[in-house]
Every structure is written in structure tokens, then in C-alpha cells.
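So, here's a batch of structures to check.
Two complexes come next, and they have one chain in common, chain A, joined by chain B in the first and chain C in the second.
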Partner chain A sequence: MSAYVALFKARLQMGLQYRAAALAGLGTQLFWGIIRLMIFEAFFRSSAAPQPITYQQTVDYLWLTQALLLILPMRLEGEIQQMIRTGAVAYELARPTDLYWFWFFRSGAGRTAALALRAAPLYLLAWLFLGLKAPPSWASAGAFLLSLACASALGCALATLMTISLLWTVSGEGISRLLNLLAYVFSGSVVPLPFYPAWAQRALAFLPFGGLMDTPFRIYSGHIPPEEALGAIGHQIVWTVALILLGRWILGRGLRRLTVQGG
Partner chain B sequence: MPQIEVENLVKTFRVAERQAGTWGALKGLLQRRSRTVRALDGISFTMEVGELVGYIGPNGAGKSTTVKILSGILIPDSGRCVVMGRIPWKARTAHVAEIGVVFGQRTQLWWDLPVIESFDLLREIYRIPPREYLRTRDELVAMMRLEPLLDTPVRQLSLGQRMRCDLAAAFLHRPKLLFLDEPTIGLDAASKLAVRDYIKRLNRQGVSVILTTHDMDDIEALCRRILLINRGRILFDGALEALRAQVSRDRQLVIVLAHEETWVEDPDAQVIRRNGHHLTLRFDPERISAADLIARITARYEIRDLYVENPPIEEIVAQIYYEEGTAL
Partner chain C sequence: MRRGLGQRGLRRVAALLADIGDGARLYGRYIALSIRAQMQYRASFIMLAVGHFLSTGIEFLGIWALFARFGDLKGWSLPEVSLFYGLVNVSFALAEAAARGFDTFDGLIRSGDFDRLLLRPRSIALQMAGRELQLMRIGRFFQGLVVLAWGAAALGLPWTVDRIAIALGAIVGGAFVFAGLFVLQATLCFWTVESIEIINTTTYGGVETAQFPLTIYRDWFRRFFTYLVPLASVTYFPILAILGRDDPLGTPHLFQALAPLAGPLFFAATLQAWRFGVRHYHSTGS
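Take a look at the complex of A and B:
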């Protein structure tokens, strides 16, 4: 286990080196956040009908989306992609580690590093100047942090699955684009999930993608009250475990083919 | 008990074939053609603890396939393979914890991390006890003169520096067996010497080494025993000298003439190269001893310098590859 933790730490340090990228990302997220904020403000002003989520909850939701965008499984792990393309992935087997967890933590570490670098300053800015409020209670805050950790694990499981799919498709562009799109739309990062039509709600509640953003963000603003939060977090955990098992199974089959066929 | 026992190892690969041209590509959509390539065609050998074996053969001969099977990365079609009492691919994790591998074309280190941090990571991965780790690491750093490189990210190292670090990394967990797949590829002369020196030292400490290479100087400098493989079969297994004797007993006498235009002739020797003042003669030591030939030549011609040498191993190996090629 400590090997994975060490890998995680090393990646985190590495990610911290890319300050320029983090700064540019911060600027972009801020810009889009302000635009989206204006759109939703106009929307709330123009409509007198009661909305499924309050204006303040929407503002919180929007800023958290902007701050934590990188929780989505957006990009493939470049190094692993390269290894699979050149066939060098076989050499990964020359290390006495479980390859799935190795890759899981590797992508997790990179993602968390990038995430933390962008999230903290943007959260602070939004909270100071742009209308983001603190959670309504300590219970909400605690449940949010727990749910956020689960969202992060879920994102890692999805990203690792995407990486593993490279063993079959080599370039991986197709699957990663598709998964990206699904995650983007169904996690609530474009439009908060409560605004989707009633008939879609059941499907959205079933899919794993809401667990990436919608669940923790609604817990944050109290839209999901703390006493209901555990059920929502359970949903995240079940999906995370399921995706990890699926990933391990697919990786096992991919490796069998690799070790038999020679890549 | 031998450290490595390989018996009748066979490995085949299916290679997809594409047909040329647009029409061929269209046909390929309907009907895939594939061809079976026998990468290993029944190879057998054993290796004892502490040996340093040179594994040579032309490109595509099956060297890397063998090394991959021995290190548990690849599963053979048939045959027996026991390395340190284990079947490598059946107990992969336990197996790779006790071997060291270096693939010259690729680094085991983390591209973006300083060398020292890669080492620390490997310590965690191989679960090396801290004290033992520090001792081995410091020893390796001193031996390979890595001190000035430790804080540099791997991507900024030169190839020679990187290879030295890679070799050290492969030995941090003190494996009893090292697989080195072309460790000197692309290195400059000084780095090659450093790498060879390092391999020699480890071997002297009792580490067994299988070295694949195309560089015959590596073989000549390091290996008492060589395995020569071509088309998935072992053509020769034994000492370098025996291989030499098997192909040809001939030796070469190089003389440096005082006058370039001198014409040299001798009944027992044959001029095979002429390059300015330098002249290479080939002779059979069974027919005439080197001492007699030298005496005769120096008596008849004005000579500035001379030395006797063995035919370069490249020529011997090339000859075997060639004979093998024409025999088929």
C-alpha cells in the first residue's frame, strides 16, 4: 500500500511544478463561471415559476462546478497511452505491483494534484467576491467533504477504465470522447441536474455521472439535507466499487491477451 | 540446481497481414489474413548461479521473447521454464520481486521525477527495508558515480547518464538475477565502458546476468559463455573461443609497412585487406605458427610494427547468420 501512497505523493509534487498551467486554468474557469452566473441570474429573473433549486443553491453549484471541473475523467493518462501504443506496457508487468491499483493511483495522483491547484484558489475567490456561500451547517460541510472524496474516487475509477480501454482500442480517442461527453452532460457540469426534466430524473439518479459533481454539490448547499446525504454517498460508493471491479476484470482480460499474444 | 532451466520453449505469434493497395484494404475488411510466426522454436538451456551469459542473435531472432518469458511478462505456448524454482508467469509478482530487468530502449524511471525520487519510489514498490535500501543505494551511487545526477529529472539526463541510473535502479532490491536487454545501445564509448565495468562488478558479487546485445565488444569484454540464437533456435551454446574455433581457426596478422608500395607475398598467408601502410594477412596457426610467420615476414620486408589478432567476432557471427540463412 505504501508504494501507492509514495506514487501519489510524487505525482502531487510533480503536478505542483506546473504552476503556469494551473494559473491559466484558473483564469479560464473564472471567466466561464462569471458568464454562467450571468446566464442563470437572467434565467431566475425572467421566470416567476418556482424552481427545483434556489438561486443561492444554483450559485454554489455553479462555482463548485468551476472549481472542481477536473474531477471529471477528462483526459487519458499520457504516459500509459504512450506505453500501450509502443507495446512497452508489457514492461509494466516487470514490477511487483498490482497493475490496476498502480494505474489507479497514478492517474488519481495526477488528477488530484491538478484539481487541488485549481480548486483552492478559485473556491476562495468565489467565496470572497462572487457570491459562493459556505455550507449551511457543519453537518452539510462534513457530508460534502466525504461525498467529494467519493466523487474523486469515482472519477479515478472512470479515468482508469478509460485508460484500460486503450489496451483494446490503442488510440482510445473514441471511448474517451464518448465518456467525456457523457460525464460532462450527466454530471451536472453544464446545467445542474435538478433543472433537467422530470422524466430524465430517474435515469440521472441511476447513472454514475451525477456522483461526480451533482451529489457533492447539492449536499454542499443543503439541497440534499445532511440526513439524506448518506444514501447519496452510498450510491457513489456502489458505483465506484462496481467500476473498479469492472476495470480489474477488463484489465485482467487485456493482460491475458497481452501476455499470450505479446502485445 | 541450476538457476534457470529452459526446456523446449515454443512461442508463436499471430501477425495480421495487410494486403497492399486500396483493393487489398477493402478485402481486409471482409477477410483478415494472419500468419503465424514462430518466435521461439524449441529452445533449451540451463544457467547456473553466478554465470554471465551473452545472448546474441540478429534482430527478430527471439532474444527479447526469451527474456520476456524468463521475466514472467509473456506466457509461452509450450515447454518448461523454471527460474529460481518458480515458473515465472505463474507467480509473476513474487518472481519479478527477485529479478532485475533493464530494457535499454526504455527507462524504468519516472520521466518527470528527480532520479533520487524514482529510487525512493522503487524502494516502496519493492518493499526494501529502509536501512538496507540506504546501504545499497549509497553503494550504487558511489560505484556508478551518480551523485551529481541525483536531483536531476530523468528527462534531462543524457542517454548514458540515464542508463547508469537505470542499471542502479534495477539493482536497488538486490536481485540475484539480472536481465539486461541491450544496455549499451546508443551509448558513447565512455558510458559503454562504465556500464560494462558495472556489470562485471555485479557479476563478481555473485549476481547472474543474461545480457542481450548487438555489440560484440560487450560480449568480448564480459561473457565467457554465449548463446547464439537465430530464427527461434539456439545455434550455439558455449565459450566464445569455442565458437571462434567452430567457424574458423584463422587468425590475422596486421603489419605496418615502412614503405606503402611494398608487395608482400607468403605461401602460408593470404592478404585480405590493404589500407595504406596497414596490411592484414590471414593465416592458419595449424599450418604455420605465428612466431614462424612473423620471423619470415620481418626477415624479408621492412616492417615498422605488427600484431596478431583474432578475427573480429562480428565477422564470425555474421558468417554464422549467413550460413544459416543460405542453408534454409
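Take a look at the complex of A and C:
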């Protein structure tokens, strides 16, 4: 276990080096958030019909999306892809650690570092100047933090699954792009999930992707009241465990048929 | 005497035309080469293009969902907004494909490879534009076109000659605006070396913005994308002319139809900035 902790710490420190890039990204993210905010404001002004989620809850949702965008498994692990292409992945196999957890914590640390650098300042700015409100109660805030932790675990599980699919080099890239796209849409980052049609809600609630963003964000604003939050968090945990098991199984199969290309 | 002057002028014009023809031929060569190279990996190209089609088209799913919930957007219907969406995406796809060389300029400057371009006896901007024509952008192009066609069909717009002319003008003008932004992004690299993400707010952010009529935004924001970055003149104004709608801002029809001309003008201005940057270039060495 301590090996994974050490790995996590080392990668975290590495990730925290890119502060200027994070700052530049912050400006873009902020601008993007303002555009989206104005679009939703215009929509809400156009119709008096009751919506499945209030304006304030939508504002919270949008800013949390901007602040925590990197929770989505967006980018492929370039280094591991390179390793698989060059054959250096053989070194990974020689390590006296479990490969699945090794990759899991490796991506987890990188993602946590990038997330932390962007999330905190953006959250603060949005809260001070741009209409983001604090959670309605301490219970909501606590449940949000718990759900957020589960969301990042879920994100790591998905990201690791994408990494593993790279073992099937060419077709693997297609699969991870598809996963990436599904996560992008069905997590609520394009449009908050409650806005999708009523008939789609059941499927959206079943899929794992909502657990990446929609669940914590709706808990935050009280759209999911604290007493229902535990069920939603349970849904996140079940999917995280399922995806980890799936990843381990696929990795096992991939390693059995793996022929390392020399070079 | 007067005749001699006329002849000299004529000769100068002829030389200029020959220069342009020559440049166009060279650009054609560059492009043909780039296409041939990408077609070596046909399966990869198809996959990338389809992926691009889906990943950019998914945005429209979100817009559709919002219209299903809210009915309309400050008096604009979904088919009307589709025109905005389709048009700006088609324009952007053209610019992304053609100005890719400028978009990836920071790598060139960091490696010092830009010096090689300077040694060649041809226009630098031409060499830059010819570096790569990214074919996969055809994915965004087609999804924009599909949405545009659907919007026009749903509105029952008769496609008269002047409507088609305005639409084409807007598309080309828009491509010029976005290409100009890529040139600006590259120009900034002369000083920053690293490409700065903030320009994305006007390129990708511009696409996101111009997918909707600019009147839905706050005034300061609308002014930014009207006067500083002339996106309004290649999306909002020509589409009003196509729809035959009155502008709440009170612009006349003729102005709306001719507004896309701002695109090439903007592009020319950014090329001037680029030339200024080239003159101030210090190699990073290596």
C-alpha cells in the first residue's frame, strides 16, 4: 500500500509544478463559464414555465462544472500510450506492484493535482463575483464533499479503463474516445442533466456518467436533498466498484495476449 | 511619356498577378502533399473525422434539449438558432483546416524550426498556411452543414440567389475571421514562445458564442464580438438578412448583407500584425 501512497505523492508533486498553465487555463474556463451563464440566463428569461431545476441551482451547477471540469476522464495517458507503442510497458509489468492499482493511482494523482490547481481559485472567484451560492445547509455541504470524493474515484476508474484499452492499440483509441464522448455528454457538462427530456431521465440516472458531475452538483445546490444524497452516493460507489472490477478483468485478459514489441 | 508610364504600370500589375498565381500554385502543391500524406492512413482519417463529427455534433443535442424545455430563446426558435449554429461551425471548420499551420505554431518556434522558413524565398504566411490542411475537420464541417440544412428546411426558406450568396459570403467571411484569430495566436508566440490558451476564448469561445444570436448576451459582451472581433458581421447580421428579420439594433438590410466583408478586412489586419511579429522575431536557437 505504501508504494501506492509514494507514487501518488510523487505524481501529485509533479502535477503541481504546472502552475502557470493552470492559471492560463483559469482565464479560459472563467470566460467560458460567463458565456454559458448568459445563455442559460437568456433561456430562463424566455419562459415562465416551471423548470426541473431552478435558476440559482443551474448557476451553481454551471460554475461547479467549470471548476471541476477535469474530473471527467478527458485525456488519454500520453506516457502510457507511448510506453505501449515503444514496448517500454514491459518495465511496468516487471514492477512488484499490482499493475491495475499502479495505473489507477498514477492517473488519480495527475488528475487530482490538475483539478486542485484549477478548482479552488475558480470556485472562489465564482462565489465572490459571479453568482455561485454556498450550499443551502451544512448537511448538503458535507454530502457534497463525500459525493465529490466518490466522483473522483469514479473518474479514476473510467480513466484507468481507458488506459487499459490502449493495450489494444488502434481499436483501443477508438473505444476511449467513445467513452470520453459519453462521459462528456451524460455527466451533465454539456447541459445539466435535469434539462434532458423526461423520458431520458431514467436511463441517465442509471448510467455511471451522472456520478461524475451531476450527482455531486445537484447535492451541492440542494436539488438532491441531503436525506436522498446517501442513495445517490451509493449509486456512485456501486459503479466505481463495478468499473474497477471490469478494468481488472480486462487488464488480465489484455496481459495474457500481450506481446511486447521490441525495439 | 504618358504611354511609357502606362506600360510600366501594366507590367507591374502583370508581375503582381504572376506572383499571386505562382503563390496559389505553390499553396496548391503544399495542400496536395498534405492530403496525400493524410490519406496514407485512411482508416485513421475516417475514424478521426467520424469522431470529430460526433463530438462536435453532440453540442447540438444540448441546444435541442434546452429548446424542448424552454420553447424559445428570447423570441428565436430552434430552426432559426440552427442557422447560427450551422453557419458558424462550417466557417470554423474551414478555418481550422486551412489555418492549422498557424494553430500549431508554438512548436515550430520552440524547436527553432521557424528559421528554416525564413531562409526560403517565399512569403512566410504562405508557407505557414501550407504546412498542413487538416482533413479530419471535415467532421465539424458536415455536422454544421447538416444542422444548417435542417434549419433552413424547417423554416421553409426559399433558397433564392441572394440568400445563397449571403450565406456563402457569411461562411467565407467567418472562415477569414477565425483564420485571422489563428494568425493572431501565432503572432503572439513571437513574444510568449508558448501558445497561450487565452486566445481560445475568441476561437472556440467565439464558436460557442456565435451559435446563438448575439442579442441574447449582455451589451459589453456583444460589443466585444462586434467591434473587437468582428464575429457579428459574419454571423448575426447576414443571418438577419437571410431570415428577413428586423434587427432590434436597427441596422439596414443592405448593411447586413454586406457585413461579411469585414472578415477579409480583419484577416488582412491580422496579417499586418503577423508581419510585424516576423520582423521582431528572435530565434530560440537549438
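Odds and ends about this structure:
In this text, the second predicted complex is superposed on the first by the 254 of 263 C-alpha atoms of A that agree within 3 Å, B and C clash if a C-alpha of one lies under 4 Å from a C-alpha of the other, contacts with A are read in each partner's own complex, and residues count from 1 in each chain.
Here, a contact is a pair of C-beta atoms (placed from the backbone, for glycine too) under 8 Å apart; a residue touches a chain by one contact, two chains touch by 3 or more.
Model, not experiment: these values are computed from the prediction.
Aligning the two structures on chain A places chain B and chain C next to each other without any clash. Comparing chain B with chain C, more residues of chain A are touched by C.
Once chain A of one complex is fitted onto chain A of the other, the partner contacts of A:Gly174 are limited to chain C, with no touch recorded for chain B.
Note on the composite model: angle chain B-chain A-chain C, taken at the C-alpha centres, equals 90°, rounded to the nearest 10.
Applying the stated contact rule after C-alpha superposition, one finds that A:Phe43 touches chain C and leaves chain B untouched. In the superposition on chain A, A:Ala24 contacts chain C only, with no contact to chain B.
In the superposition on chain A, contact of A:Val185 is made with chain C only, not with chain B.
With both structures placed on the common chain, the touch criterion links A:Glu228 to neither chain B nor chain C.
Of the two partner chains placed by the overlay, only chain B lies in contact with A:Tyr91; chain C stays clear of it. The minimum CA-CA separation between chain B and chain C in the overlaid arrangement is 11 Å, rounded to the whole angstrom.
Overlap of the chain B and chain C interfaces on chain A: none, as no residue is touched by both.
Every residue of chain B that touches chain A in the complex is listed here, in rising order: 11, 13-14, 39, 65, 68, 71-75, 89, 92-94, 96-97, 101, 103, 106, 108, 110-113, 117, 120-121, 124-127. Residues 2-3, 5-7, 10, 13-14, 17, 79, 88, 90-91, 93-98, 259-262 of chain A are the ones that touch chain B when the two sit in their complex.
By the touch criterion stated above, chain A contacts chain C in their complex at residues 21, 24-25, 27-28, 31-32, 34-36, 38-39, 42-47, 49, 51-52, 170, 174, 177, 181, 184-185, 190-191, 195-197.
Contacts from chain C toward chain A in the complex involve residues 44, 47, 51, 54-55, 58-59, 61-62, 65-66, 68-75, 196-198, 200-201, 205, 208-209, 212, 216-218, 221.
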